[in-house]
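One chain, subunit A, links the two complexes that follow: it is found with subunit B in the first and with subunit C in the second.
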Partner chain A sequence: MGESLDKPVTARGLVKIFTDFWNRPKVRAVDGLDLEMRPCEIFGLLGPNGSGKSTTIKILLGLLRPTAGEVAIFGLPPTDVRAKRLVGYLPEESYLYPYLTPRETLDMMGRIFNLPSAERKRRTDQLLEMVGLTAAAHRPVGEFSKGMARRVGLAQALINNPSLVILDEPTSGLDPIACRHVKDLTVTLAKSGKTVLLSSHLLADVEDVCDRVTILFNGRVRARGSMGELLEKRNIVRFAAPDPGTEGVAKIAALVREISGKEPEVDHPSMDLEEFFLEVISEASRQDETLSGAAPTCTPAPFLLNE
Partner chain B sequence: MLLCRQFFALTHLTIMESLRQPLSFLLSAAAIVVTGLAPLLLMHSLGEDGKLIRDTALAIHFMAGLLLSTHLAAACLAEERRRGTIAAVLSKPVPPAVFFLAKFSGIAAVLICFSFCATIAGLISERAAEHFSTEYGFVTDWRAGLLLTATPAAAAIAAAIVNYMLKKPFPSTAFGFLLIFITLAALVCSLFDRTGQWSPFGFRFDWRLLPAGILLAAAIVMLAAVAIALSARLDGPATLAFCFALLVAGLAADYIISATPYHAISLVMQCVLPDWQTFWQADRLNRGGHIPLSHVWGALLYAICYVSAVLTVGSLAFENTEAS
Partner chain C sequence: MNRVIAISILTFRAAWRSRAVHSALALVCAAVFAFALTARGDGTLPGLAKLIIEYSFKAAFWILAMFALWAGCGAVSEDIRRRHIQLLAVKPLRCSELWLGRWLGISTIIAIAIAICGILVGVLATVAGNTYACPKSETDVLNDHVLTARWRILPDEHIPHHEVAQCLSSLKADGTISERALPEDAWLYALQKVKWSRATVLKGVSKEWTFAIPKSVRPRAPNDGAWLKIRLRSPTRDREPTSMEWTFTSLNGKPLHTLSVSLPPDGVHYVKIPTSVIKGGDTILVRLSQVDNSQNEPLMFDPYAPLEILVSRSGFGGNLARALLIVGCQLSLVAAVGVTAGTAFSMPVAVFVTVCGFLVSSGAVFFTSEKVVNYAKVHDPEKVSAYARSASWVLHKLSRLLDPLIRLDPVQLLVDGIHIPWSATIVTCVVILTTYTALCFVAGVYLLKKKEVALPE
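Let's turn to the complex of A and B:
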């Protein structure tokens, strides 16, 4: 069986039942899941805690064996090392060696992918710069805050310049600025030809970046489709225009009332809190350039864009 | 080729992880200090200092080695599983068997370094013990004893300086210095005779302790193999309990095997129970004998076969586990 780059993830009738010590069924974590991802898309796996998202991801990574069903990564079994070479994985928790520094962690992961020494160094430097940990590159990861460890986790997931990036709760523990950067990075990765599987229970994250989503509950698919299909309210139209003044608004409202026979809602659009927060912080950082802690750059590591 | 590189990368990782745990340095340093102090503090030994010190040094080597080996090996996979790092590494193109064997190799390398320190400490300590010579009567080489006792402190100070200046991790740097300084201590001892007179390269060590140390190193590595194989499926405390039981059963292996009524069961016992007596040769040394090279080779061959069998079983068990 050879690689098939046009089918990043294919799963049919996936079932995972966890058993107890006596091999009796304990939990049915995934129940008949079908999944198909297209190249270069950002695919969201949504669901509350315990809905089977992480179990599904671990099956896709070959870390768990499905009880039933078929799964293929680029047309290969997920346990095949050829498939694993094409995958980058950011776990739900930052699974890192506490006694290693970020630089050592990335170097070790680079060795596992058999990257030459010079290339490992280049990628490590670029990734540390990207996640804003260049200054903390020589501190053991065990001393890091959750957010900083998360950044190391993100960097190690990308060291092999993967074709399929699996991000499990990527913004957990990150501050709003870093969250924005991760979301921007996710979009950039997809634009540069990578397929991204994003699992989260933070709906705003998924809504901001995903092309298609699948919503899981109790291990089963409850809804799936593109963001437009799932969220668009087709019976309502919204206009946005420069403020025409009280008189102008009244005239437009009267016209809409006359055409539709219903009372329109008129208000001023408001910024969301994230947008407002980022604006405040951006202004503050222009005034005070000294920063403590991690300072990520907005630009992804050049090697990820094949530069 | 790729598998070899992955194997060495993961072995290197395991060595770093093991050495950066403070326990590796602390246990090695404690073993050296106790071994070094023994000849200086022992009194009323009725002219049997050499025997007492040999027994003490080998016992400390064995017990501290067993503690270190079970701690490192039992904690290794269980800790990786608890932290989730096992999932992070196995999601990369690493075959589970390579990961498992690299973990063992890393731990074995650390244990061999520990055994090197403990064996050198035994040699210096035995030299420091009170010995009778026709020229000087009963002489205790307290210089050698003090030099050995000071080695861990010197390693800690050097590591603290390096940590301060270069921000290198303290425990692994201290362990590295310990290896260097204890070798230097042996070389310095070799420059003087037991009364402190300049006498270059007249080592005056009881070299019979060298094969005894090698045998103990093999026993320690064997127990590490058992611990790591068990931890492929069990948690840390369960692995430690099994290792302790195996250690005790192995010490009484001769009795257990001879007391077993059925030949088939006795044969299985012979294969499963490690024969620690093969590796404990202090009695032979105390009777004034040497450890024949053929015994060392035989014991090492036995250890290699035992470790290979245990690792094969452990590797198969690990291959079938899920990194959940």
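Let's turn to the complex of A and C:
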């Protein structure tokens, strides 16, 4: 079986049954899942707790073996070392070695990918810069907050400049600025030719960045499609225009009422809290340059953009 | 290889930054110092030095063996429990590379610890030799028999098959051995009888041993030391010394040397002989004549090691280094067993299983020793249950499996001032690494491949 770069992930009839010590079936975590991802897309995997998202991801990564069904990463079995070279993974929790510093963690991961020493150093520097941890590069990860550890986790997932990035709850534990950066980064990665599989509880995150989503419940697919197809309300139209004044609004409302026969809803669009928060912090960081934790930065590492 | 190095560095860093490792190292150093400072020997300087070397080394070995076991058992199992494995297993890392990296990392820590311990033991033994005021004779014994490395030449003690068979049939005829005894048990019993009868020299009777001197044995200078080491056993204590005459002749009967000594018929004795007697590649005959006929009891030698010829070869430092190398390999095997157990079980279970395994193995080595004969199996085999027979069979097989591992006891050789040849060192290390460790490696990799590393708890 050879590599097939146009099929990042293919899964057919995936079933995973967890058994007890005596091999008796205990839980059917994934039940007949079909999945196909296209190159350069951001694919969202949604579902409540226990719906089978993480189990599916672990099967795709070769960490669990499916009870039935087939799975291929770039046309290769997920346990194949060639497939693993092309994948970057950020787990649900960061699972980092607490006694290693971010620099040591990234250097070790780079070594595992057989990167030459100079290249390891270059990528490590760029990734630390990207996740805003250059100043904390020599502190053990065990001393980090959850958000800072998450950033190291994200950096290690990208050390090999992967073609397929699997992010399991990537914004969990991150502050709103870092969340925004991760979402921006996800979009940038997809634009630079990488395929991203994103699993999250936070529907807003998925809505912001994903091209297509699959919603799982009880191990089965309950809905799938592009964001447009799934979320568009075809029976409602929204106009956005400069405020025409009270009289203007009344005239437009009367016209809509006359055409549709129903009362239109009229209000002023508001800025969402995330947007407002980012504006406040951006202003504050311009005034105070000394930072003890992670720096708010969002410039993707140049090597990820093939620069 | 880069990936193996990455995991080794990871393991090394984990260990180096762990308090448990610092504690183990401190404990090893403390044990070495404690034995050196509190050792009470036989009242002689060589005795004290021997104790320092033996007990310090053995204490350090057991502490480091426990550490190797603990670190090995936790290397993979803790990765799985704490889920660090989910970061590693998704990288292009083969199971074999993970196993090797973990084992190499732990072995590096062990190598550093054993080197520190070796240096400490060497320094302490040498310092002890130079610190205490004592007669020159004791200092000479210390330098000649302890802080040295000597060739050891053992006599040709081959016992012909027919001699044992004859003994066996006579023992069966007089009813000492039951006809229904298992053949191997009966044979072992007869062999022991023959050995003991050969080791007993009756009053006024002479006995001769043949020594084939290996070609590699070349005394450095005529003044160098060469000794005849005599091990005597006596069922009664405080017997009067016996006068003996030892004659050394070449194979064609040419007399080489004669010496007369008076020795107590119990314990270990060293008798100095000229190095001119020892020529590499020659065969010499050593004959004992009992001059003193006043003694009524026979002279009894140790049946397993009655005589040895010892020839001064080199210093203590080189011998210590070779002993450390072998001990290091043995400890790295313990780590390998731990790493493999840790791939199959959680850490507490892995530690329990491996400790049980080591206890059973030690039991197998002890209970299947040729020095131990099961009385019931030989004399009254009907009383031996099927369970005991099966257990005995398992222990025998296990003991055979472990034989190459324990054939060379580096610490005992070091304490006895016996030269550990490089060839034996390399063979032992290669056997440990390419057989036992390789078996652990194959089993560990197989188990790791079969394991689902991200199962929910």
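Points worth noting:
The rule is simple: the second predicted complex is superposed on the first by the 306 of 307 C-alpha atoms of A that agree within 3 Å, B and C clash if a C-alpha of one lies under 4 Å from a C-alpha of the other, contacts with A are read in each partner's own complex, and residues count from 1 in each chain.
Basically, a residue touches a chain if its C-beta (ideal position, glycine included) is under 8 Å from a C-beta of that chain, and two chains touch if they have at least 3 such contacts.
It should be emphasised that the depicted structure is a prediction, and the values quoted were computed from it without experimental measurement.
With subunit A as the common reference for superposition, the partners subunit B and subunit C occupy clashing space. Contact with both subunit B and subunit C is seen for A:Phe113 once the two complexes are overlaid on the shared chain. In the superposition on chain A, A:His138 contacts subunit B only, with no contact to subunit C. When both complexes are overlaid on chain A, the residue A:Val9 reaches neither subunit B nor subunit C.
With both structures placed on the common chain, the touch criterion links A:Arg65 to subunit B and to subunit C.
In the superposed model, A:Val221 lies in contact with neither subunit B nor subunit C. Residue contacts after overlaying the shared chain place A:Met148 against neither subunit B nor subunit C.
With both structures placed on the common chain, the touch criterion links A:Leu100 to subunit B and to subunit C. Of the candidate stretches 189-197, 243-251, 333-341 or 369-377 in subunit C, only 333-341 runs into subunit B once the two complexes are overlaid on chain A.
Annotation: subunit A residues 18, 58, 61-65, 81-82, 84-85, 87, 89, 91, 93, 95-97, 99-100, 104, 108-109, 111-114, 156, 160 touch subunit B in one complex and subunit C in the other.
Contact residues on subunit A toward subunit C in their complex (touch as defined above): 18, 58, 61-65, 81-82, 84-85, 87, 89, 91, 93, 95-97, 99-100, 104, 108-109, 111-114, 156, 160. Subunit C meets subunit A in the complex at residues 2-3, 5-7, 9-10, 13-14, 17-18, 82-84, 86-94, 452-456. Note for the complex: subunit B touches subunit A at residues 2, 5-6, 9-10, 12-13, 16-17, 20-21, 83-95, 167, 169, 322-324. Interface of subunit A with subunit B (complex): residues 18, 55, 58, 61-65, 81-82, 84-85, 87, 89, 91, 93, 95-100, 104, 108-109, 111-114, 138, 140, 153, 156, 160.
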